[in-house]
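The first chain written gets the first letter, and so on, giving A, B, C, D, E and F; residue counts start at 1 in each chain.
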């Protein structure tokens, strides 16, 4: 019996791939703790990777892929007769469908595969986002559009590398620098790649302070980086209330594929700004988003079992993701320089880099690079405008890709 | 397996067209949003003349004083509903 | 491609009905913000109406009605063969049922259609309700029974207008002035009317300060409105602990249809009063009720797509709902006057109007009308007794209607 | 389509009976609840002699002065219920 | 109609068994309030027992066992044709599977039967547990192993009494003194016994202050009970961060059946200790664990309908559970005495009793008994080490039993 | 029905074997955990010489100063991935 049992242990079933993945999970946790890179996501994902790569026992799998379901044999749903106790406490024979239960992680992972968690996270993000800076400087909104070029160039790259159009769209969205959007779109277009795409998206979001600065310095002159911008005007309560509703209508009447993501984002923001639903906004941006973040991070991490994750595609996806982030950053910066050709009040082109989203890390990077040139230049607030418009931009891009690429 | 970039595949699957369309739509949407929020303060300033400032939730309010407003709103909603239903009936 | 895409946009598919509904949604949000009418429900419902009326794309619907499910053709469940990766990471062919995923809002709406959200809201309400005033003045409990006459007269009206008995029962419950009860009963008796009934119930609850005062003034004399009532006695901790359990037993042994609603209400109250489960009570009346309110409001709003909502029945339901509220108010006031015929210590008949529930708005209306006659008359606390007993009363009525009208 | 109130439909589907039964049950339940909470302080006061008080700062107060009233109301409700049940039995 | 209705009331359908169960529920609530025994669980379970034993009406059952599901007749899934409104608002005929909805409590009970709630509770427990004392005194970990002897001796007893091996394993785990672990394992090995096993486990956990002291006094001398222990050393932040990950790997590589329970426990602890995910830890140990505790307690209580619960097996399970607790306590105490044969710095054998888990009640009992001999002996902190290692020990035991006993 | 302890059933279902195995595994696991946490402080003390103390999240940090570290880590991850895939390919 002891030997029998020992054969079922993880040590006996462990593959080299599992060990590699567990190390990657530990690196994620380490980066989060030591470097403070997106810890709210890297810690759950990292621990998820560790959990998902402990080999489990056949018949009692804990994998997110052990979904359970109705038993089918020879093209026919299998049924069975069972004895149940009815409302009056009498035993009764009933016929029912034969059914295999799923694992706990598979039940939780349902929120990922069906795209339920990302909109709930957007609800919380909406309830914590202040759109004031953007409202006070509307032209900066366009920078959030320009940075989405990373999405579409990556799509082309992915097609060229042999991915199907649907897969290419899901991979491209990594360049949107928005974890929930990436997970939502890949759940619709390429469910088998959710793990790799989500991990890539969150990894690069965590690595924004590493990826963006060289590109930003390369594409700007010292003079440009020294540009100071006028402080934003104050925005009235009315504007802040009307904005989420109007923006929702504009975005989704054109790109209905973004209804759920943007509906939740702007609904959360309305809860925050209305002034009469503060308790709902507070719960959205605390308990609700925390619970969903924990479950999403853990199960996405656990979906990276070596057997499904350590494939050539994952490596390609990571490569394309890096390109995507770089292109998006360049797109934002260059478009800011292009706008400066026409504007009297010049924009500091560094803030274009914040258009990739990765809220609020990329805005912080802008602030840092700006201060390296001039310690009295405070760009953070200005960078928040392209930063939040980049969230809207990538959700719209996701909506477009969904409607164009779904068969 | 070597990394091969097959650009023919891109054209075959309308990759360029999708990319260009996508960027256009993203720009169009955000340009509209940008335009809307640029015009919003002016529009609100004009409305200010017509309508009173938004109600402050914390100020004391006489609950039934403005009762007429809601009745009118309800009437308007009911009327719209009615018109719409009538229209739907005529079409069938 | 651009033209193809443009044909899928909301602008192209929008109907006049959708536009009308979006305007109604905006009116809801506006009433909540400007007039502070039930904002915790009208803001989510209003935004939900807007979201539900953006036309979505065939094959990628975001509607609450896109439920997904097992594919059936020619009376036979369809199956398919798929390649999955098993616990040991080996690819394996499995037969499984063919299945179409639902939309995100449809998954969330499941909590409405299956009646799961209303009891959870009742749990939170129980954990925030103080039954002390009612315990200190037991005869006021009967006012909460009298006001339920609106439910049953409306049922008769709905039958007379051609609704089926089950539909009539669900419509009648609007007069219970209790959103969760109305949604729970209509999910059981008339699922196709949930949207209209819920919107009517919450609209009239919001409009309580408009509907009730004229009726209350019409049915009472100035002398009656001037009646002062003795301050309620203090209630011991023991009474407050015993009450929820005893009341649960009394109510559900007679009306077992109310087990879930009242079970949760009194369970929440027990958590609050027991003195040893304060952390559970706090979570019930904050995070839990907030999360459920957000999801319920949003999806109920989104269920009012013009195509399903703008029908003759909805107009009739709104009309019946108004009658129902008026009758309920009158019932409570008149029964208070009737009770005064027998009582030595007179009741101020205004507080009968609070028996409709609509906690705590109708109690506030009573206070206001009372103070218009005599600024030193504080009826709020007295009105809370019929107010909370009205909640119990309509849950009992819902239980009775469920058991009588379910086929 | 005109609004027609068809009272025959009401009788046909036992509308009146459902309404009357429903109101009676709601009254019966709430009358019982009312009676219970009217009697509760007295019952607890009697128990007090037997059992110790729970660790509670609030001292129990004497029951409501107007307790007699509820008993009368309760009696009235009970009588109505009784009549209705008799009627129902005769019909079967 | 009234007589018809009266026949459906609870009074008419109530059995003596239901009345007995309701009294048991009231005793649970009473013990929780008056004696403060595990109130966070006994109040929900007690109220659940009351709710579950109000007879409900056929066709509108509120029982946790009214699961709903697909309709099967003559070995064939039944289908139906229904009229639905599609995304464009057009009525359309669809074929679909015939389906009976479940009761609200049955939907909530799904989290119990599928073992989803216990790991979520472990997440919260992990986020509130401080492993420092254990880290500072590693040899006390073994006491948490010794106390699991109750599990395995009870398993033998249950086999001898005629239970199947799977049932015997689920019953044995009562001796683990850990509610979530007991529910998780019985959901996997003996779903029909979940109610009895959960109630027994929580009852005895509540009764720890009654069961343990006599055994502890019997097995120790006065001199042993007077042993003072050196204060624990301070533990570095690094140790506290590394511990949950390393312990997870050690435990689950040997006993993969514990992946989900221990994964969540140590994940929660990592969220707490990492220092960068405090908001996730806070939500895990407040809103999340509270919500799950409420739903788990209530539905487990409601699963004890007299008709399924008042059987000979339940009585046997309660008897075996008592033996199990006693043996576990003795095991911990005796093993501490055995360790003292080899140790220079003696352990106070009382703290062995805390190895049963029942966190933190059994550690408090140790403190109390210790102070009865010597008011200056503070054993609480020392007792926390075997206490938390007992949680790990019983989760490992559950993992082993699951893999050995699942067919 | 009397309480009968049928010890034959225990042996028949490997009850003793399961119990002994189970206790052994529980002890083995917790002994390993115990050993690990006994050794951990010493291991960390040795590492201390090599690596700096853990980063304090609240202290200001120069975001790009340590950029080299991550690049190395990423490179390491990519290299492992590559090796693993190559290995996998060779096996097929």
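Note that in this section contacts are C-beta pairs under 8 Å (C-beta built on N, C-alpha and C of every residue); 3 or more make two chains touch, one makes a residue touch a chain.
Just so it is clear, the model here is predicted, and its values are computed rather than measured.
Within the contact network of the assembly, the step distance from chain A to chain D comes to 2.
With centres defined by CA atoms alone, the chain at the far end from chain F is D.
At the interface between chain A and chain E, two copies of one sequence, fewer than half of the residue numbers in use are shared by both copies. Work out the mean CA point of chain A and of chain F, and you get 28 Å between them. For this pair, chain A with chain B, the centres built from the Cα atoms lie 25 Å apart.
Remark: chain C and chain E have CA centroids separated by 35 Å (rounded to whole angstrom). One simple way to say how far apart two chains are is to compare their mean CA positions; for chain B and chain F this gives 52 Å.
Annotation for chain E: residues 1, 5, 33, 55-57, 77, 241, 254-255, 275-276, 286-287, 400, 404 touch two or more other chains.
Residue positions of chain D touching 2 or more other chains: 14, 18, 21, 25, 54.
On the side of chain E, the complex with chain C involves touching residues 1, 5, 8-11, 14, 22, 26, 29, 32-33, 36, 39-40, 43-44, 47, 50-51, 54-57, 59-60, 62, 77, 79, 84-90, 95-97, 101-105, 107-108, 286-287, 290-291, 293-294, 298. Interface residues of chain F, counted against chain E in their complex, comprise 1, 3-7, 9-10, 13-16, 18-23, 25-38, 40-41, 44, 54, 57.
Of all residues in chain A, those touching chain B in their complex are 134-135, 138-139, 141-142, 144-146, 148-149, 151-153, 155-157, 159-162, 165, 168-169, 236-239, 241-243, 246-247, 250-251, 254-255, 275-276, 312, 389, 392-393, 396-397, 400-401, 404-405. For chain C in complex with chain E, the residues that touch the partner chain are 13, 15, 17, 55-58, 61, 63, 65-66, 69-70, 72-77, 114-116, 119, 123, 188, 241, 245, 248-249, 252-257, 259-260, 263, 266-267, 270-271, 274-277, 279-280, 282-284, 286-288, 305-308, 400, 402-404, 406.
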